[in-house]
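Shared between the two complexes below is subunit A, which has subunit B as its partner in the first and subunit C in the second.
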Partner chain A sequence: MEVEFKALLDDLDVLEKSLSDPAPIHKLRSHVENLANLSKCNPQRRSRVKELSSEVVDSNPYSRLMALQRMGIVDNYERIRGFSVAIVGIGGVGSVAAEMLTRCGIGRLLLYDYDTVELANMNRLFFRPDQVGMTKTDAAVQTLAEINPDVVLESFTMNITTVQGFETFTSSLTNKSFCPSKEGSGVDLVLSCVDNYEARMAVNQACNELRQTWMESGVSEDAVSGHIQLLVPGETACFACAPPLVVASGIDERTLKREGVCAASLPTTMGVVAGLLVQNSLKFLLNFGEVSPYLGYNSLKDFFPTMKMRPNPQCSNVACLERQKEHMLAKPERDAAAKAKMEADASTAIDEGSLHADNEWNISVVDDANEKDASKAASSSDTTLPEGLTREFPDADEYEREIAIASGSGEIEEEDDLEELKKQLEALNAV
Partner chain B sequence: MEGWDPNTKSTLTRIPLLTTKAGPRDGAAWTQRLKEEYKSLIAYTQMNKSNDNDWFRISASNPEGTRWTGKCWYVHNLLKYEFDLQFDIPITYPATAPELELPEIDGKTQKMYRGGKICLTVHFKPLWAKNCPRFGIAHALCLGLAPWLAAEIPILVDSGMIKHKDDAASSAES
Partner chain C sequence: MEVEFKALLDDLDVLEKSLSDPAPIHKLRSHVENLANLSKCNPQRRSRVKELSSEVVDSNPYSRLMALQRMGIVDNYERIRGFSVAIVGIGGVGSVAAEMLTRCGIGRLLLYDYDTVELANMNRLFFRPDQVGMTKTDAAVQTLAEINPDVVLESFTMNITTVQGFETFTSSLTNKSFCPSKEGSGVDLVLSCVDNYEARMAVNQACNELRQTWMESGVSEDAVSGHIQLLVPGETACFACAPPLVVASGIDERTLKREGVCAASLPTTMGVVAGLLVQNSLKFLLNFGEVSPYLGYNSLKDFFPTMKMRPNPQCSNVACLERQKEHMLAKPERDAAAKAKMEADASTAIDEGSLHADNEWNISVVDDANEKDASKAASSSDTTLPEGLTREFPDADEYEREIAIASGSGEIEEEDDLEELKKQLEALNAV
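Entry: the complex of A and B
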C-alpha cells in the first residue's frame, strides 16, 4: 500500500512539472497524502510476547497486570500463562468471561457452544452485529485472537448433553498436551456459563467423574439477579445435590424458561455476574484473597448473599457420592497437612516474639477442635444427621434398596430380548 | 397433576412405569432400561390404536438407542398435520428428560428453543423430575409432546404459520 502511494506521488511530481497551472495538482497531492496517512493507522495485530514484563511502558500489554505483584496482591502473576480454563456456553456471561480472561493473559481457553450469533444477542456485550450468523465459538475466537494473540484458543461447536458431544467434552478436558507436567485433568478450572438445566447437569456429571473443580454461574430469567458457585467434587455440594436457585429463591430450576422462549436479559447483570465469576476464578487460580463458595447478586436490593453448601449424602449422582467418600477418606491427610501448616505458622510467629510482654490475666487461646471431633465420633455412625438426632423412618435410599431386593427375583424371570421388543414396536409402527 | 384432563390422566395410569435408573453410558443397565422403554412404548402405542387415537410413530435410529426419530401428527378442523419428530437421549438421562424436537416448525413459534426443541419447561419438566426414574419416552410423549401439539398447532394453523400439505401444494401450483 505504502509503495503504491509513493509511486502515485512521484507521478504527480512529473505531472506538476509538465503542466502550466499546478493548482489542481496541489489539491490532488494533499488528498493523496491524507489517504496515505489514513492507511498507516489501519489496525495492526500485535505480535506475541514471550515473557510477561513488568516494565511500565505504553507498549507493554501486561504492565498493569504485573503491577499486582508490586502492590502485594499476587505473588507470581506470570503463573497465569500456565493455566487452562474451559468455558461452557459462550453467551451473555461466557463470552464476557472469556474476554476478561483473555485480557488477563490466561494461558489457554477452551470454548464450547453450539449456537450461532443472532441480532437478538446484541443487547449483551462482546458480539458485534457483523458477526451475526457465525457460530458463537468462531466469532469468539476471531475477537479474542485479535485482543490477545498470546492466548491458546480451542473451540468446540457442539452440544455437550448428547452422548457423542459429552465424549468429546470429557476427552478435551483430559487432554494434557498444553501442560503435561501438571497433575489432575488437562484444565485447571471449568466455568459453566450455560442457560439451561440439562447442560448444567452434563457439566456437573463430567466434573464429578474427572474430579474437576468448576464454577457455575447463572442469571435469572427476569434479568435482575444472578449467582456464582464454586463446586469442588466431594467437598462442596454438587449441582445435583442442591441446584442453587432452589436454595436462593425457592424456585425449582427445572421450571425456568430459557433464552429462546424469551427470557429477559440485561448487559449490566450479565456483565456483573461475568465479573464476579472471573474475579473468583483469578483468586482461585492465582491464590489470593478468599474464594467464595457461593455468591448471589440481587440487583433490585443490591444484596450479595454468600454461603457454603456441604454435599448431600443422598445425592442422586453416583459419581458425586464416590467423590464424597474419597473426600472423607482423605480427611486424616488433610488434617495432618493443616496441622503442619499451623505449626509452621506458629513457629514463625514465635520468631517474631509474642505480641504482649505480660499477661496479667493469664489469657490463653485453647484449641477446641479436638474436643468437638471426639464427641462427633461418639455419636451415631450416621454422619448425615446433627448430634442428638435419630431418624424415625428409614431413609428413602434404604427403602428403595429393600424394594429392589424384594423384586430382584422377578427381574431375573423377565428375559425379554431387546431385538424382539424392537420388532414388536416396528410391527405396530408399520400398521 | 392438577389441571390435567381426565383422559390424559387415565391414559397415563395405564402406561407401564419404568424401574431401572440408567443412562446411555451405563452399559448393561442401559440395555435393561431400553427394554423397559420399548415395553412402555409398545403398551402406549397399542392403547392409542385401540382407542382410535394413534398419533405418533417413533423408533430408535441407532443400535445404542440414544437417537430416536419418527413422526407425530395432530388433527385440527378435520385436517391432519404431520411433523418429523426427533430427539437424543441426554447423557444425564433419566435425571433430565429428552428434549423433543420438531425441526420442521423451528422458528415458527415462540414456544420453542433453537433447533425445534419444544418448550417443556413449565408443563412437563417438574413432573418428569418428580417421577424420575419411573417416567420414560412414552410418558414424555404423552405428557410433554401431546399437550404441546394440542395447544400450539391450532394457533399455528389459524395464524397461517403452518399450512396443510394439500393447501401448500395447491398454492404452489397456482
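Entry: the complex of A and C
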C-alpha cells in the first residue's frame, strides 16, 4: 500500500500547484498521511539474520535456543540451519510441526498438501478464520514467513497419491540445490502427518525407494489417542511391514476408514503429537537424547506405550526387502564403525573427564541433561545435586529397567549372532 | 480506517464542486477507493454462534468437537460454554493453553501477565513478531478474539505477587457475573503457567483460601523436561506441602533460580506440556477419562512419570491445613455419595447394558474410548474388534498393573481406617 499512498500524495502536490487556494489540499494531505500511518500498523516482519547469535537480549529470537548449547543439551545448535525437513499433510499435526520447526530456525521446510482451510479446521491450532478458502500450503507459508523469515519455505499444493503427484514428490525430495554437498536425498527427514492409508503408503514407497529416514504420526478418529513412529528403511519395520494402528489380517485396511464419517479432533491431542514428533525430529537431527522408535499417546489414561518393530522379511513392499538386504550386508561395516566410535569416546572421556563435574544446571525433573552417552551418565549421580536438595523420584534408567523386567517383553535384542543373520538373509532371498 | 476513508472521500466531493475542472479529483477518488479496498483485506472475523452445532459441514467450527459426543468420549460437549478458566502466566505454556481452550470453545478465559512480547519469545508458539512491544495479555486477546469470537476474554495486566495484584487476582476469581448460579468461586479451574517460585506460591495461597482446584505446570531451565500437577485444596498436596520439581530441605528454594541466567526453551516441550495440561483440564471439566494427579515429561527419553501426593499434615500453609481438616471431616459425606453413585450407575448399567455393544469406533491405539467406568470396560474385550483385526499391544490397564507390582510404590492407598483418620485429625489440630 505504500506505493499507492505515495502516488496519491504526488497527485495532491500537482493539484495544489494548479489551485489558487491551497487550504483544501492541506487538509486532504493530512488525511492521507494519517491513513498511510494507520496502514503501517499492519504486520511487520523482522529482518533476516546471517548467523544465530547466543547473545542474551530481548531482541534476539535465537537466545533461548542457543542456550541449549550452554546447558549441555546440544553440541552445536547452529547446525539446524543446514537441515531440510519435508512435511506431508499440513493439517492439525503437520501445521503445528511446521510452526515448531520454523520457530526453532530449521534451514528449509518442504510442505505438501492439496486441501483448503475451512472453518471446520478451527478446533485445531495454527490456521486462522481469515485464512478460510486459502490452500493450506499458501496459508502456512503466509504465517510461517511472518514468524521466521530465516526459514526457506517451499510449498507443493498437490496430492502425492496421484501418479503425477508422486513423481513431483520424489523429485522434490531428491533436489539438492539447498545443500549440494549433502549425501543421500535432498532432505534430512520426512514427517508424515497425513490422515489416510493411501497417503501413508505413498510416503512409505517414496522413502523406501530413496533410502530416506522418515517419521510417521497419527491421531485416532475419536481424537483421544495418537502415536509417532521412526522408520529407517531396512533397519526398522516399514509402514507396509505392519500398519501401526491396527494389524489388518486378511481384509483390506482401506475399508476400515468409512466414507462420510466426521472424525473428532482436539487441539490438545494434535498439539501433543506434533510436539512429540518435532522433539524426536530435533533429537534425531541435532543428535541428543534418545529417538523413540515408536511412542503412543493414550490421553484418557496419560499412558505412553513404546516399542520397537523389526522389519518383516515377508513384507509386501519390494523396495523394503531391498533395503533389508542392504542393511544386513552392511552389518560388519556398522559394527566396525561402532567399535571405533566407542574407543574414540572412551579416550575423549579420559581427556575431558571432569568437564561437567560441577553440573551447573541440575534443576530438572529427572537429571539426565548430560546423559548423552553412557560414560557421561555414570558421572551424574546424586552426589552432584546442590546441597539441600533431594530427588523427588527415581532416575528414568532405573524405572525403565524395572518395566523391562516386569513386562518380560521390552525391546527385541539386536541380532548379533552370525548364524541368525545368515538365516534371515536366506529367508529374504527366498521371497 | 473505514471512517477515515469516508472523510477523505467527502472532502474530495466538496473540493470537486469548487473546481472548474473535476478531472484531477476523479483520478484522486479512484486512488482513494483503491486504497480503501486494499485496507479491507485485513483479518475478517467470523460471526458468533448462539449454539454449538454438530452439523458436519466445512463452515461449522465446532463439528469436530461435537463429534466427541457421537464417538462416546464426552456426554455433553456443549457444557464447555459454561466454564470459566483462569490462566496465570501467558508465556510459552500459558499462551498455547489459552489458544487450545479458545479453539475448544471454552466459555470464558481470564488471562494474567505483566510482561511484554519480545523477539526472544519467538522460539515458542503463539506470539508473532508484529506483536513485539505489546503486553502479552493484549497480544493474546488480539489473537484469541480473532480465532474464536464466542469466547469471553478478560485480561489482567499485572503481577499477582504484589499486595495489590494479589487482591485483584483473588477478587477476579470470585467474580460470578459470568455464571451467577455457580457454586464456590467464579471460575472452574485455575491453570498456573508461571516460571518462578513466588508466582506459584501466590496462586497456591489464593486457591487454598478460595477452595479452588487448580493445575500447576512447569518446564525445566534446560528446556527438555516438564510436568503438570493437579491440586485440590485439602485433598492433594498443595504447592507448599512439597514443591514439585525439587524438594528444598534446609535452604531457601528461591536462591536456586539464578539472576541473569538465560533459560533455554523449546516450542516442542512447551507445546507438549500445554497439550497435556489442557487435555487434563478438559477431562476434569467435561468428566471423561482419568485426570492425572501428576504427570512428568522427560523428553530426552520420552519417559512420563506419574505419582500422587497426599497433603502434608505439617504444611507451612495455614489455609492448606484448614482445607485438610475440612476434607477429613467431610469423609462420611463423600463415602455416602460415592455409594449412592455406584448404586445408581449399577442400575443404569442394567438398563442400558447393550447400548455400546456394536462398538462402532473401535479403531484406536488402545481401546478404551468407552471405558469411562468399570462396568463399560468389562464389556470392551477383544471380541468386539472388527473381523480381521488383532491388537498391536496390551491394554493400558494390564500395563499399569504390571508397573504397580514392579515398582512396589504405586499410588498411596486412600485412608479408610477410622483410627488412622482420627490420628491424622489430631495431628492437624496439634499444629
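By definition in this document, the second predicted complex is superposed on the first by the 287 of 431 C-alpha atoms of A that agree within 3 Å, B and C clash if a C-alpha of one lies under 4 Å from a C-alpha of the other, contacts with A are read in each partner's own complex, and residues count from 1 in each chain.
Operating definition for what follows: a contact is a pair of C-beta atoms (placed from the backbone, for glycine too) under 8 Å apart; a residue touches a chain by one contact, two chains touch by 3 or more.
Nothing here was measured: the structure is a model prediction, and the numbers come from that model.
S.K.: Which holds for A:K422: it touches subunit B only (first), subunit C only (second), both, or neither?
M.R.: In the superposition, A:K422 touches subunit B alone.
S.K.: Pick one for A:M201: touches subunit B only (first), subunit C only (second), both, or neither.
M.R.: first
S.K.: Go through the superposed model and pick first if A:G133 touches only subunit B, second if only subunit C, both, or neither.
M.R.: neither
S.K.: Per the overlay, which chain contacts more subunit A residues, subunit B or subunit C?
M.R.: Counting contacted residues of subunit A, the larger count belongs to C.
S.K.: Answer with first, second, both or neither: which of subunit B and subunit C does A:I147 touch in the superposed model?
M.R.: After superposition on chain A, A:I147 lies in contact with subunit C alone.
S.K.: Once the shared chain is lined up, is A:C262 touching subunit B (first), subunit C (second), both, or neither of them?
M.R.: A:C262 sits against subunit B and subunit C alike.
S.K.: Tell me the contact category for A:V272 with respect to subunit B and subunit C: first, second, both or neither.
M.R.: After superposing on A, A:V272 lies in contact with subunit C but is clear of subunit B.
S.K.: By the touch definition at the top of the document, which applies to A:G184: first (subunit B), second (subunit C), both, or neither?
M.R.: Neither partner.
S.K.: For subunit A, which residues belong to both interfaces, subunit B and subunit C?
M.R.: 256, 262, 407
S.K.: If we count contacts the way the header does, which residues on subunit B are in touch with subunit A in the complex?
M.R.: Subunit B reaches subunit A through residues 19, 24-25, 31, 34-35, 38-39, 41-42, 45-46, 49, 57-60, 64, 66, 70, 88-92, 95-96, 99, 110-114, 117, 119, 121-122, 125-126, 128-129, 132.
S.K.: Mind listing the subunit A positions that touch subunit B in their complex?
M.R.: Its residues touching subunit B are 115, 161-163, 166, 197-198, 201-202, 205, 240, 252, 254-262, 316-317, 407, 416, 418, 421-422, 424-426, 428-429, 431.
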